[in-house]
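Per-chain residue numbering starts at 1, and chain names A, B, C and D are given in the order in which the chains are listed.
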Amino acid sequence: MKRLDVQFKIMSPMKAPKMTAGEVEAKLMSEFPQGGYGKRNRIEAVGPMTARVRMTADERNLHPGGTVSGPTLMGLADGAVYVAILAHIGWVPLAVTTSFSINFLKKPAPGDIIADCRLIKLGKRLAVGEVALRSEGDDELVAHCVATYSIPPNSGLPEFGSSK
Amino acid sequence: MKRLDVQFKIMSPMKAPKMTAGEVEAKLMSEFPQGGYGKRNRIEAVGPMTARVRMTADERNLHPGGTVSGPTLMGLADGAVYVAILAHIGWVPLAVTTSFSINFLKKPAPGDIIADCRLIKLGKRLAVGEVALRSEGDDELVAHCVATYSIPPNSGLPEFGSSK
Amino acid sequence: MKRLDVQFKIMSPMKAPKMTAGEVEAKLMSEFPQGGYGKRNRIEAVGPMTARVRMTADERNLHPGGTVSGPTLMGLADGAVYVAILAHIGWVPLAVTTSFSINFLKKPAPGDIIADCRLIKLGKRLAVGEVALRSEGDDELVAHCVATYSIPPNSGLPEFGSSK
Amino acid sequence: MKRLDVQFKIMSPMKAPKMTAGEVEAKLMSEFPQGGYGKRNRIEAVGPMTARVRMTADERNLHPGGTVSGPTLMGLADGAVYVAILAHIGWVPLAVTTSFSINFLKKPAPGDIIADCRLIKLGKRLAVGEVALRSEGDDELVAHCVATYSIPPNSGLPEFGSSK
């Protein structure tokens, strides 16, 4: 049998973001200050179907033993998917997480945590993103997460989520 | 064919807790103050293979739209499993979450959120708990979660969990 | 602080099934013969928000090493949720799984596997069930699963599930 | 703030496979004939941290409604991770799934299903893979899965899984 030489590809129907990293961050800072965007959580980049958020953990985020706590990483990962969705469909803040699953793979090193989100699906009512979390300067993943979001209907925005 | 009349049972090999709700809470308050135990998060009960934690959400825990945010509920659920494990194996704070998955089922009503954890498995190195989250006074679940924890070896305890 | 004496409860709004175990099994045998119901998979019981399916594994279901394979257990668990849903909403075969997660906890002993499903949520469009899998005669779980199902709209049933 | 131009990357420490697609398939055909490899399931490619398996569904794999059943897709996805692991660590058939989660995103079109696995982590005792499932000729995902595997210790093979 012929064996193909293939690369892993998650998704083809790429969509370009509608908001820049700076625009999403500014909106979140003003409308959702408790999210810590622009401070502890900085949106470093958005690209076609992707977003990157960098978090600087502080003492309140530590688990006994000194490692960054699981819920802190979960919040970062969930936020990275939220950022990716908003960047692509525009400002629809009532998008909500409907499921979230995460595997913790390695204790994070001290320093910043970087969350890279890739949207796996971006439909009118449902979006799914995966997130790779790593410590600054380390290639191995700290955690890997998949989250699904529900996008409210009638966002008043005919062009939003025109997929599917 | 004969049809049985059965009840759902998750697990049989019940183990009694080694620490009371008050003992776990006191330990967490002194050793892990950033967890908010004894304040925002109160450990209401521990029983054979179970634990209940009540959370009073405040403004910082709100998602745009006014509902309690996903990460807040995730942190509560993860904490409820941690509490249940510690209550049953004794004070082994370096137990860490290895995977966590949650389905959000209903927007929480204003008021306290109650997290009921049941341990599905309690082994020497691995513990698994499920958590039912609901709003005070409402029977329907807000969310349902399953978390796995890794328990460190050589806890200094000849027979695991024979704490203190 | 007063500590409560509580039991774990998953859900209150119990609903009684609309179909018996025998009725669901007969329907599945005639409409979905490839599911093996009535043969390899027997529906032993349905009750308020619950269903039990017993599976007799055969050689085709074995993983290298002789244990029942993961996909075989996944199929059984997914089927048990499907059975529980159909029993409660009536014959709506186009209900489909939208997410499925499982933790494998113990290698199954030789012999039958019993899948106990409990519905966590039973809404008009969404149902969620958890499944405890164990070997016949052993109390410890082989696996624990959570599955979400999407129920099609307009099942021809004015009030959802007013089946037949 | 400077915004980076980044691409999503899941993992860096790439490892080359030790077995070819044909070698893994031949081993599975002879040692694990019930897996259907070389027949229904064909291993089309393995590459650094990846594997691709193609499945031709038949009648036994159909859900009511004519779509490929959830458990069939789960089995394919689980198998694709198994293939990727074996290709990279060598023939260690007792590697077993410890957790598995999947989101179903779209009904598969008639025809073959292609499962692309990428290993997210490949450690000595733990491997994690994600799988993108799609219908032949369609770019959108049918399902996305994450599976964790436990690799037995003392495989007698010093070089196997020499990561971490």
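The rule we apply is simple: a residue touches a chain if its C-beta (ideal position, glycine included) is under 8 Å from a C-beta of that chain, and two chains touch if they have at least 3 such contacts.
Only a predicted model underlies this, so the values are computations on that prediction, with no experimental measurement involved.
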{"item": "Intersection of the contact lists for subunit A and subunit D", "value": "B, C"}
{"item": "Chains touching both subunit B and subunit C", "value": "A, D"}
{"item": "Interface residue overlap between copies subunit C and subunit D, same or different (over half shared)", "value": "same"}
{"item": "Between the pairs A-B and B-D, the one where more C-beta pairs touch", "value": "A-B"}
{"item": "Most remote chain, CA-based centroid, reference being subunit A", "value": "C"}
{"item": "Centroid spacing, where centroids are CA-atom means, of subunit B and subunit D in whole angstrom", "value": "33"}
{"item": "Between subunit A and subunit B, centroid-to-centroid distance (C-alpha), Å", "value": "26"}
{"item": "For subunit A, residues contacting two or more additional chains", "value": "99, 101, 103, 148"}
{"item": "Category of the chain touch graph - line, ring, star, complete, other", "value": "complete"}
{"item": "Touching residues (chain side subunit B, partner subunit D) in the complex", "value": "99, 101, 148"}
{"item": "Residue ranges of subunit D touching subunit C (in the complex, touch as defined)", "value": "31-32, 34, 59-65, 67, 70-71, 74-75, 78-79, 93-94, 96-104, 107"}
{"item": "Subunit B-touching residues of subunit C, taken from the complex the two chains share", "value": "1, 3-13, 20-22, 42-45, 47, 49-50, 52, 99, 101, 103, 105, 116-118, 120-121, 126, 128, 130, 132, 139-141, 144, 146, 148"}
